[in-house]
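Structures follow.
Next come two complexes built around chain A: one with chain B, the other with chain C.
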Partner chain A sequence: MTAYLARRVLQALVVLVVVTLIVYALLTRVPGSALGAVLGPHAASGFLPRYFSWLNQVLHGNLGFSLLHNEPVSTLLAASLPRTVALTGTAVLLALIVAIPVGMLQAVNKNKLVDHVLRALTLLCYGTPSFVLGSVLILVFAVKLKWFGGEGPQAPGFVGVITDWRDLTLPVLTLALLTIALFSRYLRSSAIDSLAQDYVRTARAKGAGERRVLRRHVLRNSLLPVVTLIGLTVPQILAGAVVVESIFNFQGMGYQLWYAAENHDFPVVLGFTLVIGVGVVAGSLLADVGYALLDPRVRYAGR
Partner chain B sequence: MREGLAAVLTRARRRGRRDRRARGVLALCCAASGLALLLAACGPTDGPSAAGDTPVSGGTATWAESPSSQPTWIFPFAPSAYFSVANTDDFEYLMYRPLYWFGTGTKPTLNTQLSLADPPTYHGRLVTIKLKDNYRWSNGEPVDAQDVLFWIHMEQADAALSSATKPVGWGGYIPGYFPNNVKDIKAVGTYEITMVMKSSYSTAWFTGNELSQITPMPMAWDRTSTGKSDCAAVVADCTAVYDYLYGQSTDTASYATSKIWSVVDGPWRLTSFSTSGLDTFSYNTHYSGQVPAHHISKFTEVPFISEQSEYTVLQAGGSGGLSSQKLDVGYLPTVDAPPPAAGAQLGQNPLPGYHLSALYEWGLSYYPYNFRNNTYRRFVFSQLYFRKAFQHLVDQEGVINGPLHGYGKVTTGPVGNYPVTKYLSPKLRKAGDPFALSLGAARRLLTSHGWTIPASGPATCTKPGPASNECGTGIKAGDKLTFSMIYASGIDWMESAVKELVSNASLVGIDISATAEGFDTLITQVVNCTATAAANCGWQLADWGSWTYAPDYLPTGEELFQTTSVANFGGYSNARNNQLISKTLHSSGLGTLYAWQNYLAGQLPVVWTPDAPADLLETADSLHIGPQASTLAITPEDWYFLK
Partner chain C sequence: MTSSLPATGSGGVQGGRPAGAGEPLLQVTDLHTEIRRAGKLVRAVDGVSLTVGQGESLGLVGESGCGKTMTALSVLRLLPPGGVITSGRVTMAGLDLTAMAETDLERVRGGQIGMVFQDPASSLNPTMTIGDQVAEAVLLHRGNDRRAALERAVQTLRLVKMPEPERVAAQFPHHLSGGMRQRAMIAIALACEPRLLIADEPTTALDVTVQREILELIDELRHRLGMAVILVTHDLGVIAGRTDRIAVMYGGRIVETAATATVLGRPRHPYTEALMRALPELAATGSGRLASIPGLPPDLTEPAGGCRFAARCEHAREYCASRVPELDGDHPGHSYACFFPVAQAADGSAPWLNQLSTANGHPPAAAAVPQQPPVLQVQGLTKHFAVTRGALLARRVGSVSAVDDVSFEIAAGQTFGLVGESGCGKSTVARLIAGVAQPDAGSILFRGADLNQLTGRDLRGQRAGIQLMFQDAYGSLDPRMRAASILREPLLIHNSGRKRAHRRTVARLLDEVGLPPDTADRFARQLSGGQRQRLALARALILQPRLIIADEPVSALDVSVQAQILNLMRKLQRQYGLSYLFISHDLSVVRYMADVIGVMYLGKLVELGPAHEIAASPSHPYTRGLIDAIPAVLTGKDGARPAISGEPPSPTNPPSGCRFRTRCPRAEQICAEQEPPLVPAAGRTGRLTACHFPLPPVPPGGTVQVTANTE
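Here is the complex of A and B:
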């Protein structure tokens, strides 16, 4: 397990370095960027010296200074990251809580009415763009019914966001409905496969109750692809958050990144992309490790 | 270059609001929409507010910031990067008052009541500034001549303030102009300053475009990190003081608690600040200016990512709904604005509980031809007949009545047509649009000057030469009327206007390839093209929006249209125009201003475009704010709630 873990971490580090190189190269070629102003006397030096100079600063905790916001990128990150984590984390949690029973219910009732209805609903959610879903939810529940606020939480910090349930509900619901659809469809498919496996038949033959079979044998094995999926959907969730944050007037990482890109705020784009890259790689790494912990065959195969 | 950037970033502005989102897309989600309609039909409906008409003291008014435009800089001696309406008019001026305040009602004229000094007096070239003796800083010190000298000395040291790595210095500074154009600046009393102009300038110009830049600074700021300094008396001390204050202004986390920034002479104190844009102010009880007997006690600025998200909040919480954020002053996106009936200024307000008003900015809507373009197109732009033909393709009335939903004004010359001021010549005031849409006129102008227009495709010059019936100097046989155009992205009505122009032009043999670009990207290209940098002059037509006359409030033209001006972006050059502009700077009468604009309006140095409203303001019925200034400065100390 240790060797497997070390190999995975090493791979993740290589991926991260490549990500920084690609992002840095792309951004330095953006016409009209504030690069010259940011780099100052370094502007005349070559690409690699500039890249390594920047990387050195990053490794010392300095992500640069945003002229647009008049504050260090790390400060902007410290303000927006917890907000996005609160939003997307709550959405993923809600999605898991709903998607697992929905997926299992569909698998157990494969091709029955309840399966058809749930499949249609999840397909509808999955096929609806987040800006449409968000706009409809606002129109109905904020503008007309006034049950919830017309924007996301405005209080600062993680706690400020998750405690403002009235303003948090609609953005979380927008993100969660899309994610529920994704997770439940994967779980349904995986559970149907599991239900046909020999170990399920054996468990039933040994007299295990249906609930025990489903919980201990089917669900546990069916969750494996979902674990991977959670790791792999981090970038998709962040991408979705850009749209949702814009619709719900929520200043999180997604919005700040979009705003910085639009205004050529080079240090912010670079710093945020790096952090998102780390998040995605870490997510994949955690998924791999989680998978290995849940399924010993993965470790053995990696030897 | 620095002065060029300063000029562009300060007064070149996007037109209208950004990030409009098509709300019609809701119809795409059939099933969800069905549910939406069902639930919506069952929901409560908004009713009118029950505001009375008795003014009351106290209360907190919330005010919507422009989309993605929040204060980020507190030091009023702002460098160009932070020289914006959001930082200056909507933030710094609440706490630190300019020496001379411009904006009287909707007129962009000197407001003697809000100014810290009486109007300057002129005796020949001697200028005397007499401060009112009733103004005090919040630490008890008077606002006096030393505070004004503090500012002027810092500006005198301005050239030394910039360095290779810091975009610093006063954003409004232009070498050769104030304070380079004055001498013998001195305090002749506690509240009195005199200075001598180096030339016999127009007094209106000197007050409106030079003295208008000054914001007195308290002696509590005349210090460095090591202790007290003396920039107010010694110019050489100013660089160190500036560095200290600049550093303090980059520490945004301490804005609300700083001992430096808490010394204010304006009516508001900052009580909390966030670079996200959520800022709160409380009334400065030591404020010595005039305020109504009843006024609000707290003022909150709230940020919005887009105007659509702002409108959603207005809709959701405007009438005391459940939304946690009730807006007292917001804005209606133009795309959501019902068109006004014939003869009316405003349409039916879609928001119950609010009243609607249109706010027009004191500025000029236009975009330049690039007379420095490094192809034969610069010779085409130099032909007055071509510029007339092109202006005939710009359907200003059509844009106002179409994409702008009836909100907008026709521009006819280099002085803004709206709000109507005494600066606008009577001739242009009555002119209407002398170059109204006319494909026939445009076609005739081209064909009578040597261009052959085919059934489809661009016109070709078939009669080269300088004669009156030929294409013009520099244009060769076979040259075609093909142009590229860049315009600022994200503004729906502007995109529609450009598309219409492209369509109109194609019908008279002018082929325009239009591309939307981000505002900063576009403006960088425009600024980088100078008389000495021909390689950067690839752009041909560039529409970024408009120009704001602030803090240079008198529209005398030396900034936009004089040959050597850094903000003369397309490089228009006309000797007679230069002479007329020079006269406006040296004559106080309006006659020279009228003569100049009447001449230049017909020369079409740029493309005149419709003036869109800066805001369609939505104000809660329970709040009285009065008419808002076209200079875009806000005075919430005059606001009060009604009960």
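Here is the complex of A and C:
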């Protein structure tokens, strides 16, 4: 497996280099002295040397200076990144907790009423734009029923966000509903595949009851492909976060990115883009590692 | 955990009669099972009744789609989605399995009745260790704690003769070979000492030599544990020596049942008889045709009234189409569902058997050593595949010697048969000759021209003279293309002739391979297995080749259809003067088809000679092993000699000296030190053998192959 992982990490590194090159190239086009602010007055000349000294700065946390906030980009990032992680993390967790049983239930009752109803529901969640979904939730649960807050948590930091469950619920729900729809559809089809496998019949022939068959044999094998897919949905989830954060006035990365883009604050846009790029690459890498750990066929391949 | 498996069973069985006096262990009464799928209703099992006594073994035989697997699955109510038992009863030791609640049935599954499935590769959970999978069965029925269950699992793995059971228990299915996986499956089924084992095609996915080991294991365990066995198979040879009774199924019904020796020695139902005559190992070599059964098994969505075999039956009369024959017979213990059963000779034996034994005595002259100029000459063909390891830079750590110094030639109008177990390199030889892969060394001369020296147009011209045919016609024919386009494609690629001419050629070829003209407009996926193989043959023929490489062309087909395809291939051979390179793992099929046979083992050609002589008197121990491993239908017994055991070692690191020595019963010191060259065998003509201690020729009169033993 080490061979596989090493290859996979190398691949991820290559992608990252490409991402930094693109961001750098864009940065050179930015009007004003955005790049100069990073590189300092004594910077080298020439594309590559300048790229490397920029990269060096980036690796040391120097992402430039926001034109709008008059603050280093890194400071903005430090404030917003944990908040976004808290939001998306909770949403993905919630989505998994709901999507796994939903997907399994659909697979077991394939093409029966339960399946149709659930499929219609998930399709609805999937098809409704996040801003509509978010607005409806705010109207019903915040304005009418007053159960939850209509704005995201405003307290700073990761802990501040996740402890404010009253304000956190609606943004997480909005984001999670979309994600539930994604995951449960994957899980449904992958569980239908597993259910049709011969080893499920073997398990039944052993005398395993339905629940045991599902838990021990179907679930694990169905989750395998889903793990990879979770990694691949990171960009979609982040895109969802941008919308949700702006609806709920939640100052996370998505919010800042949105705001910066609207106001032509290029250093912030590119700095955040870079970080998101790293996040996406890391997400798919983690998914593959998880897959390798779960699947013995990969785990032992090539020793 | 102290309990161990009992050493002997309770229900010993002598002769062909069930020993379970009184109450039978399993009783199936008038079972009807239907499968609803995609708006169609298939009456898969249509009134099957059978009994299995304590410790008895029953063979359930039939071709695909005859309902044998559905009958087996109905017993444990493990039917696929859409499958329902609509009427009938299944009782096991007095318990009604059909009426029982699901939770009660779970106690029976794996506890009282163990089941083994066809494909061990897909029937084991890929993400659980072997030990856990066996232990699961123990936990479910014995409620032991995990440690005890695992211990019991290892014990059961030892019982099924799994090498290194402790180590294997911690491994995952993909670590094991096919034979070992099937042993693991059997261990799962036997972990709780069931009283009945149902084995559904347990060896179909395995090599012959492994097949024999698995069958012997099941047989031995049956006697040791005193359990009853239902062996479901399409292969008459598999059950011949191993079951007390046979039930032959056709069209969802049992058409004949009796003691094994009775059914095989004196079949009364025309279908049983036809099945046996279609077996290539019973066909007289070289001469004549295989008796094939015309047509296809019936469509069970709308079974016709009357006898279901009527459309294909030689004995059918008008009467048969209007009434359904019931399962009974003129002798007690031999029942058959037929109005006009096959006649018996005065001595009670089947008349066609006698013809067969005389035919076997005279090998036809046509099978003599080739005199025609060779179409294909292969010299010193060698192919290695690199094995690489390493994360970033793939280092070459070794090589698999897939084909090593193989030489042979094929005469015009003749068939060269290449036999060996899977992984012996026979398919690689095919790929090299077809130009799909490039050899590392050696030459391939096709009609005198070296294919490796040719380029461009010349090469393409010569290549058109060699065509391929595969086992999996479905995979090699685009399912979304119509038959006509599939046939026209090669013509377009080779840019020959005009459109109108194409259409005529297509029509003519469809006719030649026995497909109705309207096949031209049908999609490949709409055709049956046999029809697809006919289409593949037509496609191979369209460029008028001299040589057709047929890689396991009939392995996926039912016996009756297999016989049709083999006959067709022979007819076309005579008609066009074709040569075949016929590759198969099945020696009996190769013997029927080939004039000359080459036997491969781990990339080496180990024996070469005239087909009927090799089959009658092998000189290489491996060839002998292959022949012994073929279950003989008529003698009802496997050879007394121990067949070769185990599975081939890895070709990455073949044994020194003779590659076969790790499995050879005759191996001695020198075999490990010196590689035996392929040289003429002493005392035989036209025979090459690579062995230091070749077997002596079998004296005339004696044979190692099946003889018509009619009691």
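Assume the second predicted complex is superposed on the first by the 270 of 303 C-alpha atoms of A that agree within 3 Å, B and C clash if a C-alpha of one lies under 4 Å from a C-alpha of the other, contacts with A are read in each partner's own complex, and residues count from 1 in each chain.
What we mean here is this: a contact is a pair of C-beta atoms (placed from the backbone, for glycine too) under 8 Å apart; a residue touches a chain by one contact, two chains touch by 3 or more.
None of the values given here were measured: they were computed from a predicted structure.
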Tell me the contact category for A:V98 with respect to chain B and chain C: first, second, both or neither. neither
Partner chain in contact with A:P156 - chain B first, chain C second, else both or neither: first
Once the two complexes are aligned on chain A, which partner has more residues of chain A within touching range, chain B or chain C? B
Touch check for A:L16: first (chain B), second (chain C), both, or neither? neither
Determine, under the contact definition given at the top, whether A:V108 touches first (chain B), second (chain C), both, or neither. neither
Touching A:L124, do we find chain B (first), chain C (second), both, or neither? first
Please work out whether A:Y199 is in contact with chain B alone, chain C alone, both, or neither, and reply first, second, both or neither. second
Can A:V143 be said to touch chain B (first), chain C (second), both, or neither? first
Taking the two structures together, which residues of chain A meet both chain B and chain C? none
Chain A residues within the chain B interface of the complex: 31-32, 37, 40-41, 67-71, 75-76, 79, 124, 128, 131-133, 135-136, 138-151, 154, 156, 164, 166-167, 245-251, 255, 259, 262-264
In the complex, chain B touches chain A at residues 19, 21, 23, 25-26, 28-29, 31-33, 35-36, 39-40, 42-44, 68, 72-73, 81-82, 164-165, 167, 249-250, 252-253, 274-278, 302-306, 309-310, 312-313, 315-317, 321-325, 518, 520-521, 524-525
For the chain C and chain A complex, residues of the former touching the latter: 76, 78, 102-103, 106-111, 114-115, 117, 119, 122-129, 133, 136-137, 140-141, 172, 174-175, 185, 188-189, 389-392
Any idea which chain A residues touch chain C in the complex? 2-7, 10, 197-199, 201-210, 212, 216-217, 220-221, 224, 294-297, 300, 302
